[in-house]
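The following pair of complexes shares a single chain, chain A, combined with chain B in the former and chain C in the latter.
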Partner chain A sequence: MLNLIGNYSLILALITSFILLFLSIKNFKSDSNLNFGIVVSISLQSILICISFLTLLFSFIISDFSNLAVYNNSHTTKPMFYRISGTWGNHEGSLLLWLLVLSLFISIFVFRTKKLLISFRILTIFFQQLIITGFLLFIIFTSNPFQLIIPTPTEGLGLNPILQDPALAIHPPILYLGYVGTSIIFSSSLAALVCRYTNKEWASDLKKWTLISWIFLTLGIMLGSIWAYYELGWGGFWFWDPVENVSLMPWFCLTALLHCTSVLEKRSNLKSWTIILALSTFILSMSGTFLVRSGILNSVHTFANDPERGIFVLIFLTVLILISLTIYFKYNDIEKLTRSFLLSKESAIVINNWFMMYFLGVVLVGTIYPIFLEVITKEKISVGPPYFNQLIIPFLIPFLFIMAIGPKLDWIKNKKFDAKFTKIILLILSILISYLIAKNFNTQVLYSTLLISAALYLFFISITDLKNEKLKLSQKVSHTAFSILIISIILNSLFSEEVSVNLKKGEEKQLSNYLLKFENISKMEIDNFTSLKAEIHVIHNDNKLKFYPELRLYKVPETITSEAAIKTSLFSDNLVVVNYLKDTNYLNIRYQKKPFMLLIWLSAIMLAVGGLIGLKKNFK
Partner chain B sequence: MYGKKVKLRFLFLSLILAVLILTIFLVLKSLEDNVVYFISPTDIKELGEIDYDKKYRVGGMVKKNSVSMSSNQINFIITDLKSEISVKFSGVIPNLFSEEKGVVAEGFLKDRNFLNASKILAKHDENYMPPEVKEALKD
Partner chain C sequence: MIKKIFKLLLLLFFFNLISYSFVKADNSKVDEISKNLRCLICQGQSVYDSNSDFALSVKTLISQKLDAGNSEDDIYNFLKSKYGDWIVYEPEINKYTLLLWLMPLFLFIFGGLLIVKKLFINRT
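Entry: the complex of A and B
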């Protein structure tokens, strides 16, 4: 019954899509009000997709195992919270969530943009409907979440235990809001191109959507990273893994777009560039989904999945790229650049964009090069983290310095370049502090000094600028947050320490400055898993820390997960992860000291808050 | 001959071009240095020349009864059912590491029969087999 409701609402939604495509072509030329039929159809479509999503959610809640997706990914012993998150914890459900967000966003667009040009609104609806139709076809024909199993099984297979985690439960919806927000940016840019509507009014509307996507993408990436940090127990928060990279690429693009829309809004400049960025952001988000879902990317994050679905997404992606290229080259007029001087806010933003594109390029090459090489030479390779670190970190030095200077320049031409006394003092101060920090290292003193001082200088400047009335609050908050983020990341990577050892119960071992002791282990049955809690003592300079790391043995499906024991303080995290090997008495123990982890998360949140402030101001 | 403006523009363009070429060169160089090749135990036997300063990823299955543990290291054998290689590793093993399951170990080769691993890669899914391992086991 539930399956039928879900299925039919999807099919009806597909029919409304076709109606909408037809209506928007037919009414494109009309310059009266927005056609009533369009408004009704869009609302109807959102409601239908909503119904189908709620049906799936409900099937998961009541554990309706006649549904294949529920059977594959749920279990009656699973806690309610994870039954709900199980809805999007699988391929079919997550696509339905994509679709839901797609249709909700276009509804919001229709109701929020009444003041804008009518043909532009209709065309945006048209392009968005193209995307929605594609997704509907994809869901109905290749990944239908409402497939029946006959006879109905009495028990499900369970959700992958590693996904049963609060951070990961909300990670996909947040990330998707970011990804899908870029679809409106895409549709509205194509529409604006065709209607020759690429003006200030459009730019300020585009900016809102860019901000929304950027906020959610920032938070989504952070949640994924938090999850990897404590659930995978690798003792890091970023591994330059392909799956992480595909979420970072649209972020670079969006950040560039965010800055560049200001130029379009204030100075009617950089029009073509804005459009290119807007289009590529969505293409990158889509490719990200495609690469993750198809299993083409060789990532440690990859889950077993069906490569045939990839072909559909690949075709869909190609069609979208072809459409955008055709429209871009057909409708984009040669821009008459308004004159700007070298030392101006515009130039600073253009430089920011160049850096973003460089970072994007590096990540892109590192992510897809292995795929190309395998297709061409059959050789299998992976690109290690040093590649990314070597190519990105040195370029952060000029980037951060420019970020410190850029925001205070004037539009068009900077009138006076005030090299105030305080600024020079701050610069000297940051170099001095950095040197004191870096001189503890035998190698690369100069490099570390430069890097830390660039980040510190940006931090000092951002702090002194907080009082500056001329600058926007959102920009001040985000830039300060970014400087804290970078400082924390640098210090974290410089000062992290780790030791690992295999111990039997009661044994202890001295490793460099740390004495590790495996005190005890206890067993407990909880909900749907068996918990093994170890007691580990770490003694460092007469300072004793007790840790209780946990191993969870799940029965359905049969898996083990480690839960790290983390002691968090503002300046440093101490964590212990354990693992065990069948048929041995040894416990595999790793102790890590990770400075400034909390600051990394807090500054990422602050970054998003900065975006939120900007969004609020734009809606006034 | 040419105006000052044209000269300036030409200078600017060539500067951009130079930076672009330099960047591409940098990216390619860094890529070449940091690529890790994936090979199976059989590939190692068949390799003409082994670069002992380069990292390799060896994939296959953990041989039954081959795992032995001591306080500071873990030893095991990776097999692709045709050839085998011994692996020494000290550090943290992933949750799903177990005998007769797929594994990928990354490190430096000491000789054709011995890998000094610095990392063992985790998988998230008990059904998941790294594509390389699947292929290595297939043929």
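Entry: the complex of A and C
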């Protein structure tokens, strides 16, 4: 019954899509109000997709195993929270969520942009409907979440335990809000091109959507990273894993776009570039979905592989790229760029974009080069953290310095470069502090000094700028947050310490300055898993810390996960992870001291808050 | 103007040449090497992070080789000859990977030249 409701609402939504495509072509020339039929159809479509999503949600809640997706991904012993999150914890459900967000966004667009040009609005709806139609076809024909199993099984197969986690439960919806927000940016840019509507009015509307996507994408990436930090138990928070890279690429593009729209809004300059960025952002988001879903990437995150689905997404992606290219070259007029001066806010933003594109390039090349190389030459290589660190980190140094100076420049031409006394003092101070930090570690002193002082300088300047009323609050908050983020990441990688040892119950071992004791282990049956809790003592300079790391043995499906025991404080995290060593009664115990972890998360949140402030201001 | 930017680019290349390595003082050589190796039977984990049989045997092998006086590069080369380049996270520069390393840098230079041309030269 539920399956039928879900299925039919999807099919009806597809029919509505076709009606909408037809209506938007037919009414394109009308210059009065937005056609009533269009508004009704869009609302209807959203409601239909909503119904189908709620149906799936409900099937998961009541564990309706006649549904294949529920059977594959759920289990009656699973706690309610994870039954709900199980809805989007699988391929079919996550696509339905994509679709839901797509249709909700276009509804919001229709109701929020009443002041804008009518033909522009209709065309945006048209392009958005193209995307929605593609997704509906994809879902109905290759990944239907409402497939029946006859006879109905009595029990499900369970959700991958590694995904049963609060951060990961909300990570996909947040990330998708970011990804899908870029679809509106895409449709709106194509529409603006065709209508020759690429003006200030359009730019300020585009900026809102850019900010919305950027905020969600930032938070989504952060949540994924938090999850990796405590669930995968390696003590790291960023692995340059392909799936992580894929979410970072649209972020670079969006960040560039965010800055670029200001130039278009204030100076009517860089029109073509804004369009290129806007189109690429969505294409990158889609390619990301393609790469993750197709299973081409070898990654710890790949939990749903299916090459056939990959081919569908690939075709869809090609169509979207072809449409964008055709429209871009047909409608984009050669732009007369206004002259820029090197010392102006505009140039600073162009330089920001330049670096963003470089970072994007590194991540893009590093992620897809191995795939192409393997296809063409059969050579299999791995591109991991050393590659990304070597190519990205040196460029951060000039980038951070420019980021410190940029916001204070005037739009057109800076009258004079006011090298104030305090600024120079701050620069000297940053270099001194950094030198002291770098000198006490056996790293390359020159390199570390430069890197840390760039980050510190940005931090000092951002802090002193907080009082400066000429600057926008959103910019000040985000730039300060970014400087804290970078400093925390650098210091975290410099000061992290870890020791690892294999111990039996009752044993202890001294490793450098740390004494590790395996005191006890206790067994407990909880809902859908057996919990083995170890008691580990870490003694360092007469300071004793007790940790209770956990191993969880899940029955359906049979998996062991390791839950880190983390003690968090503002400046440092202490964590212990245990791992089971097969066929022995030893546990592998790893103690890590990770400075500034909390600051990394807090600054990422602050970054998003900066975006939120900007959004609020734009809606006034 | 162009000269200045050219100098800046040279400087950036210079920074890049000093390779990045924040190696912690009290971490052992085995950890350092195993962090740069892929665990072949795991999904997306390094040898260091994994406790699989494969990872454990590689770690033992590394410490044996180190005790026997082999250098870091010897160990990488040995593992590469045995398991292929796939096992190392840092791809060496050869004819297959030259573009991998150079493409982003070309992109950066190209972007810089484009900006200079479009925004600062040829203008009224």
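In this section, the second predicted complex is superposed on the first by the 618 of 620 C-alpha atoms of A that agree within 3 Å, B and C clash if a C-alpha of one lies under 4 Å from a C-alpha of the other, contacts with A are read in each partner's own complex, and residues count from 1 in each chain.
To be clear about the criterion, a contact is a pair of C-beta atoms (placed from the backbone, for glycine too) under 8 Å apart; a residue touches a chain by one contact, two chains touch by 3 or more.
Bear in mind that the values here come from a model prediction, so they are computed numbers and not experimental data.
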Following the superposition defined at the top, how do chain B and chain C come out on chain A, clash or fit? clash
Would you sort A:Phe571 into first (chain B), second (chain C), both or neither based on which partner it touches? neither
Between chain B and chain C, whom does A:Phe81 touch in the aligned arrangement: first, second, both, or neither? neither
Answer with first, second, both or neither: which of chain B and chain C does A:Glu558 touch in the superposed model? first
One more residue to check, A:Leu446. First (chain B), second (chain C), both or neither? second
Quick check for you: in the superposed arrangement, does A:Lys380 touch first (chain B), second (chain C), both or neither? both
Of the two partners chain B and chain C, more of chain A gets touched by chain C
In the superposed arrangement, does A:Val365 touch chain B (first), chain C (second), both or neither? both
So in the superposed three-chain picture, is A:Thr584 touching just chain B, just chain C, both, or none of them (first/second/both/neither)? first
After lining up the shared chain so the two structures overlap, which partner does A:Leu503 touch, if you call chain B first and chain C second: first, second, both or neither? first
Figure out whether A:Phe141 sits in contact with chain B (first) or chain C (second), or with both, or with neither. neither
Quick check on my understanding: which residues of chain A belong to both its chain B contact set and its chain C contact set? 232, 234, 298, 300-302, 358, 361-362, 365-366, 369, 379-384, 386-387, 390-391, 500, 579, 581-582, 588
Flag every residue of chain B that touches chain A in the complex, lowest number first. 23, 26-27, 30-31, 33-39, 55, 57, 67, 69-74, 90-99, 121-132
Once bound in the complex, which stretches of chain A touch chain B? 160, 162, 232-234, 295, 298, 300-304, 358, 361-362, 365-366, 369, 379-384, 386-387, 390-391, 500-503, 507, 509, 557-562, 577, 579, 581-582, 584, 586, 588, 590
Per the contact definition, I'd like the list of chain A residues that touch chain C in the complex. 232, 234, 239, 241-242, 298-302, 337, 339-340, 342, 347, 350-351, 354, 357-358, 361-362, 365-366, 369, 373, 377, 379-387, 389-391, 393-395, 397-398, 441-444, 446-448, 450, 493-494, 496-498, 500, 512, 579-582, 588
Quick check: in the complex, which residue numbers of chain C touch chain A? 1, 8, 12, 15-16, 18-27, 31, 36, 38, 42-46, 49, 51, 53, 84-91, 96-97, 99-101, 103-105, 107-108, 111-112, 115, 118-120, 123-124
